[in-house]
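As written, the chain order gives the labels A, B, C, D and E, with residue 1 at the start of each chain.
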Amino acid sequence: MHSGKSYKLSEFIVWTRRNIYKTLFIGIVPVVLYEVADLKWLAIPWTVVSLLGTATAFIVGFKNTQTYNRTWEARQIWGAILNSSRAWGTMSRDFLSNADKTKELFYRHFAWLTALRYAMRDARAWETASKSYNEEYKAFYTIPERETTLEEELKKYLSAEELVYILSTKNKAAQLLSLQSKTIKELYANQEIDSYLMVEMQKMLKEFYDHQGKSERIKNFPYPRQFATINTFFIRLFCILLPFGLLKEFDKLNEGIEGVMKGYMVWLVIPFSVLISWIYTSLEQVGESTENPFEGSANDVPISQMSRTIEIDMREMLGETDLPPALQPKNNIIL
Amino acid sequence: MHSGKSYKLSEFIVWTRRNIYKTLFIGIVPVVLYEVADLKWLAIPWTVVSLLGTATAFIVGFKNTQTYNRTWEARQIWGAILNSSRAWGTMSRDFLSNADKTKELFYRHFAWLTALRYAMRDARAWETASKSYNEEYKAFYTIPERETTLEEELKKYLSAEELVYILSTKNKAAQLLSLQSKTIKELYANQEIDSYLMVEMQKMLKEFYDHQGKSERIKNFPYPRQFATINTFFIRLFCILLPFGLLKEFDKLNEGIEGVMKGYMVWLVIPFSVLISWIYTSLEQVGESTENPFEGSANDVPISQMSRTIEIDMREMLGETDLPPALQPKNNIIL
Amino acid sequence: MHSGKSYKLSEFIVWTRRNIYKTLFIGIVPVVLYEVADLKWLAIPWTVVSLLGTATAFIVGFKNTQTYNRTWEARQIWGAILNSSRAWGTMSRDFLSNADKTKELFYRHFAWLTALRYAMRDARAWETASKSYNEEYKAFYTIPERETTLEEELKKYLSAEELVYILSTKNKAAQLLSLQSKTIKELYANQEIDSYLMVEMQKMLKEFYDHQGKSERIKNFPYPRQFATINTFFIRLFCILLPFGLLKEFDKLNEGIEGVMKGYMVWLVIPFSVLISWIYTSLEQVGESTENPFEGSANDVPISQMSRTIEIDMREMLGETDLPPALQPKNNIIL
Amino acid sequence: MHSGKSYKLSEFIVWTRRNIYKTLFIGIVPVVLYEVADLKWLAIPWTVVSLLGTATAFIVGFKNTQTYNRTWEARQIWGAILNSSRAWGTMSRDFLSNADKTKELFYRHFAWLTALRYAMRDARAWETASKSYNEEYKAFYTIPERETTLEEELKKYLSAEELVYILSTKNKAAQLLSLQSKTIKELYANQEIDSYLMVEMQKMLKEFYDHQGKSERIKNFPYPRQFATINTFFIRLFCILLPFGLLKEFDKLNEGIEGVMKGYMVWLVIPFSVLISWIYTSLEQVGESTENPFEGSANDVPISQMSRTIEIDMREMLGETDLPPALQPKNNIIL
Amino acid sequence: MHSGKSYKLSEFIVWTRRNIYKTLFIGIVPVVLYEVADLKWLAIPWTVVSLLGTATAFIVGFKNTQTYNRTWEARQIWGAILNSSRAWGTMSRDFLSNADKTKELFYRHFAWLTALRYAMRDARAWETASKSYNEEYKAFYTIPERETTLEEELKKYLSAEELVYILSTKNKAAQLLSLQSKTIKELYANQEIDSYLMVEMQKMLKEFYDHQGKSERIKNFPYPRQFATINTFFIRLFCILLPFGLLKEFDKLNEGIEGVMKGYMVWLVIPFSVLISWIYTSLEQVGESTENPFEGSANDVPISQMSRTIEIDMREMLGETDLPPALQPKNNIIL
């Protein structure tokens, strides 16, 4: 997540420069053919381009709405994880009178958070964090899950035995919650909590299963590729046809003017077709970079930071004072 | 679900080629009549087409929004099934101290998942999986529910007696949950669980009834046919009128040019009307193929894969190690 | 609900033919005045019509979105009734050990479903099922609630005494749930269920009150008439001005052509203004026919069919084998 | 709420006539200056007006969507009040075996409904019910809360002592629920209900607090004034510029025509600019009149009628037969 | 929140005057170059500007929808805090028979509200309350959280010891709820409430954690900066190109006119480009000022006022009569 005022224009241009190069090339070709090779018939009616533009605007708009919704829902899910975690803290502390078990439940919860955020950072075929323009931007910020291994992190929270077991399972986060359930059953069997309190704690586990599953849904179910595919095709098609549609519009301008530009107005098709194409492709690129909120890109939901916040708040509930520091943004980017 | 980067342009063109043929024909006829038969009066004002285009864009956009919502809701429902199933796992294991009954509840749950996904794959009159362009694409992927019979699959999870009973019922999934309820009542009657735990387990069954019913809602209530109908009519109408509206626009271009193309610009109406029509019909076709997320098409929600994931996670909770493998995509398609 | 592929074009044209006649008349008048009476000043600038068209498209689009939402929500409510009913079935069976009372609760539930669906079929002033084009379409399908009386149907499920009482009440469905509550209290007073189970069953009744109230909300609160009113006005206004705006656009075409059509192009205003008007009025008519999902029109939510499905599923839970048949569509329409 | 088919065109024109006068004036001025004072340079390019029109259409559309949502949500909230009230009825009757207390809980609930609907009818600075065109329409219908005083109404349901206390409190509805809570505590202290039933009844009170608070939210949080403000500005700006933009469009028409209208076409700018302006201002006025669903205007949510329905249904649950009559619409308006 | 009818035009113009100056400058430059320096080739085709305008309108519209949603959700969250607080009041009073503890729970709740609203008023890098046009408007209203310190306020509600502890914690509001939980545990340990009532009160704390977390979500997760960034770029680009696109449109007008304006029509580009730009930039500025509903700007959700309302209502439940006064708007602004 960018936590500053806004991206700088220079950053933005660097980030989108490949599209600028491409549309520059797409703009130069028809102008040269029209002016130099004198292929006047290349000019197509503006109405065609304008109709295409409307359809394209629609699908870009639709995509951006959906990608925005995906990121916003992702933030809601992790916000809910934060809320439920705080409640889990007071329950695990105040339902029991067994400080050891309380601590075990707290620390295994941190392990669950850790396992979940590492799982969220796995790569998927449709993610775009590895595209060149995103890859090069990674120099400006840090992805905590790439700095240390999951094992390293889990070691802080789990016993050696549990650590080995968890690392052997298919879905680590799910099995960590399953271990929490076993501890609760044990407390019930030992009559440290009554059946009523046990059920309340089970309901919290169910809630965490819900949050985890929702987070996995955003991760594992991409913006439908059939929509993404037509998006890409139509924007390209629009950018290719745009300069052809502008040829005549600018050529007509030669009539009304005098002086040094007379006869050369068509060359202005190049900058203006690049400009308009840049807007459309940038909208698309921004949408794309918002599509997958857990891929380790600059526009991700800051799940590492949020996990740390949870850990701080919960440890403070236990009366611990040696708290880990909050994560800080680097170049305004916080993950 | 397509689980790769995107469809290839070639795949897409093959998939939409029938519409291209049709719009090609629709484009050629007016041009030939205009140019060859010299029926100049066939050219209609662009304003008419443009007004039609706006209305058409609106309804295509509306439809795609709704079909996207249908697929996304379907994924949410099955995500919720996954989440509730994991919670069902910890409850069925940790509320009881009767490993046999726990296993019975687990396996009957797998049977429920199986019955439900088979029911979801049944055909409906409004589904489009059997349209020629979808039918031929099926060569590229596998629909697990078409590979083996329901009976074969249920046999793995149910006793012979229950299997016979379930196969005789109208709604197999609903009656499987009803059997779960009977087992819970039995546990309660035997005082293996108290009334409080019984109710909690009943609430889970209610949740599964909710998930099942929501899934059936998407399956049984199509995108309203009255809307689908006008969609089809208006897009066809637009594609038919489009080349007539373009005739004059391209004819005018003859004035400004010299050389070999002079006098032949109207022929360009054909490729451009095909191009624009292709965009509109493709948007429609993509929307249509997203409409029914359980029909066995390439853009379905991957309910077979998710059912398998649930089975793996739940079996792991029981400590089983001989787990079935996760389902893998074939040519990027996973169902 | 139409449960087939789509409406046929012929059906659709018949259904909308009155609007076609009207717009035909609206189209002929200005053309005759312009061409025959030579009132050339009747042609108004296209810009005026186009601006109107945009505003009209917006309000038609808005209305269709809202009517779609109304129908979809109606289906969700009845889907929820189905889900809760199945859960009511397992609870009423497995919380008690009193088969008679279980059956009483089941059958009174069927009575509730019946009373509710009959109430939903009552007429409201704003409903459009009685408009001529909808009325004549009723020949093609059956409205079960118009085939037999409510009393006839309730007789199957209620004792004679209860039947008399219920028929005397203001809101029959609400008082049926109130009777269910009395039975539950009785079971509790007789100690057949403990207070915990009683409350769970009360919660289910509360859920049914919620579903009923939501269904009544859709029924009793129309698409706001102030919006419906401006919709009608603006579409009419647009259809009236449209041919005036087209006059000049088609008259201009006379310049570029030769032959038999020369001088007669303005007559083409008639078919094209009918065509465009038809699209707008059809969108409006389809929206209107989706507005009230319980009025007994072809596009209703199939509440009769769903009530039957619930009855079948619940009876099967009781082990009954003499089940009523599922309702079948007639000419693709199922209610 | 208008409960008939639709408003009549004549009603609508009377209701919007002030805007028609204003736009008529706005239309006449530029035409006179252009034609009579011959200030031809007053004509501005249509493109400017059309760009403005698009932005205006967007914000009018946005506003109407939000005001529709406000009214619809208000109806949902009061629908939920109705549903919860019915459930409150069965609980208050069947959880207790103390008919006096049951009646006390019922009647205090009616008092709560009454206090809430009177509070909802208070005036707010941003409400528009007192605008002249709304004020004069009030002659056609009745606002029950303006017919009798709150005290008069509450007297029917509360003891003299409670009445005095409630009238002295800041938020009468909130303190009525607080009294309900005291009665429940009393029942619990007297062991007429166990702690489990007490909590269930408390949960219902919490639900009523939720409904009340949501209703107050709609009442106390207007459609944001910053948005309302720009709405008003931009629509006025559009209406002012519109006739200037039409001048040239109609002047051009003089070229193609002969006869009596020749040279006078510009005068047509007046009716057409009024017509288009009327559409935009009417959309705005309809939106505005839907904005505040509790202000006592003709398009309000019918909370008085719904409160009466609740009273009837709940009294019927008590076996009362001397029921108050349902409220009836007057000139199709029901509040 | 503005609680009056609407902003005055003069207020609005003062508030947006910086954009007017900027667009005035942007408008003058091309006109001077075109008219005075005679650089006729600077006129670009209107089609380019119009295409840009569409894309710009889309993104401004999208942003305003989302910012509206943010403010509306913020109001919903604080409305929910109000509702839950009232229910917390009746529970804390009627579940216990210990007036001291009841009062402690009430007053610590006020402390929580206070800590939360102070936290919401902290500044964030992306907030715009400190922009010059917002800063100068602050003279007209009061931000209660800037008038006294948090410590001062908390002192009213907390014991000295608790005050010191809370001020030392990272998240004060979260730890206040944690203290509430400790008090509840104590009541349970002393058998003043049974486990069932304890759990109900814990659930209320969970609800407050949810509300707090949701409020923090709106506060800490800005409207995504990548979207905000392209918004700003595209609007600027549009405003810069707009006068270039208008040059030719107004120059053409010189043809048709006579008199003093002849030859000077191009100068009208300046007011009209300012006018249109003003609409677009004002929409953007209004959107921006609605983006962050807790920043202390005039369009904030009135959380100080709502906290005071809660305090009044809850104290009245305790029978207190020395109630603090409701907060009043100053110049129509209430926070």
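One rule holds in what follows: a contact is a pair of C-beta atoms (placed from the backbone, for glycine too) under 8 Å apart; a residue touches a chain by one contact, two chains touch by 3 or more.
The chain list, named the UniProt way, goes like this: A, B, C, D, E = Bestrophin family ion channel.
Quick caveat, the model's predicted, so the values are computed rather than measured.
Asker: Examine where the copies subunit B (Bestrophin family ion channel) and subunit C (Bestrophin family ion channel) touch and state whether the two sides share over half of their residue numbers (same) or under half (different).
Answerer: Different: fewer than half of the residue numbers at the subunit B (Bestrophin family ion channel)-subunit C (Bestrophin family ion channel) interface appear in both copies.
Asker: I'd like to verify one number: the distance from the centre of subunit D (Bestrophin family ion channel) to the centre of subunit E (Bestrophin family ion channel), where each centre is the average of its C-alpha atoms, in whole angstrom.
Answerer: 25
Asker: So, what's the distance in Å between the C-alpha centres of subunit D (Bestrophin family ion channel) and subunit A (Bestrophin family ion channel)?
Answerer: 40
Asker: Which residues of subunit A (Bestrophin family ion channel) are in contact with two or more other chains?
Answerer: 54, 196 - these are the residues of subunit A (Bestrophin family ion channel) that touch more than one other chain.
Asker: Take each protein chain as a node, join two nodes whenever their chains touch, and name the resulting shape: line, ring, star, complete or other.
Answerer: ring
Asker: Going round the ring from subunit D (Bestrophin family ion channel) toward subunit E (Bestrophin family ion channel), what is the chain order?
Answerer: D, E, A, B, C
Asker: Write out the stretch or stretches of subunit C (Bestrophin family ion channel) touching subunit B (Bestrophin family ion channel) in their complex.
Answerer: 1-7, 9, 12, 46, 50, 53-54, 57, 61, 64-65, 68, 71, 75-76, 79-80, 82-84, 86-87, 89-91, 93-95, 194, 196-197, 200, 246, 249-250, 252-253, 256-259, 261-262, 265, 268, 272, 275-276, 279-280, 282-283, 286, 289-290, 299, 301, 309, 312-313, 316-317, 323, 326, 332
Asker: In the complex, go through subunit E (Bestrophin family ion channel) and note every residue touching subunit A (Bestrophin family ion channel).
Answerer: It comes out as residues 38-41, 43-45, 47-48, 51-52, 54-55, 58-59, 62, 66, 124-126, 169-171, 174-175, 177-178, 181-182, 184-185, 195-196, 199, 202, 205-206, 209-210, 212-214, 216-217, 221-222, 224-230, 232-234, 237, 248, 251.
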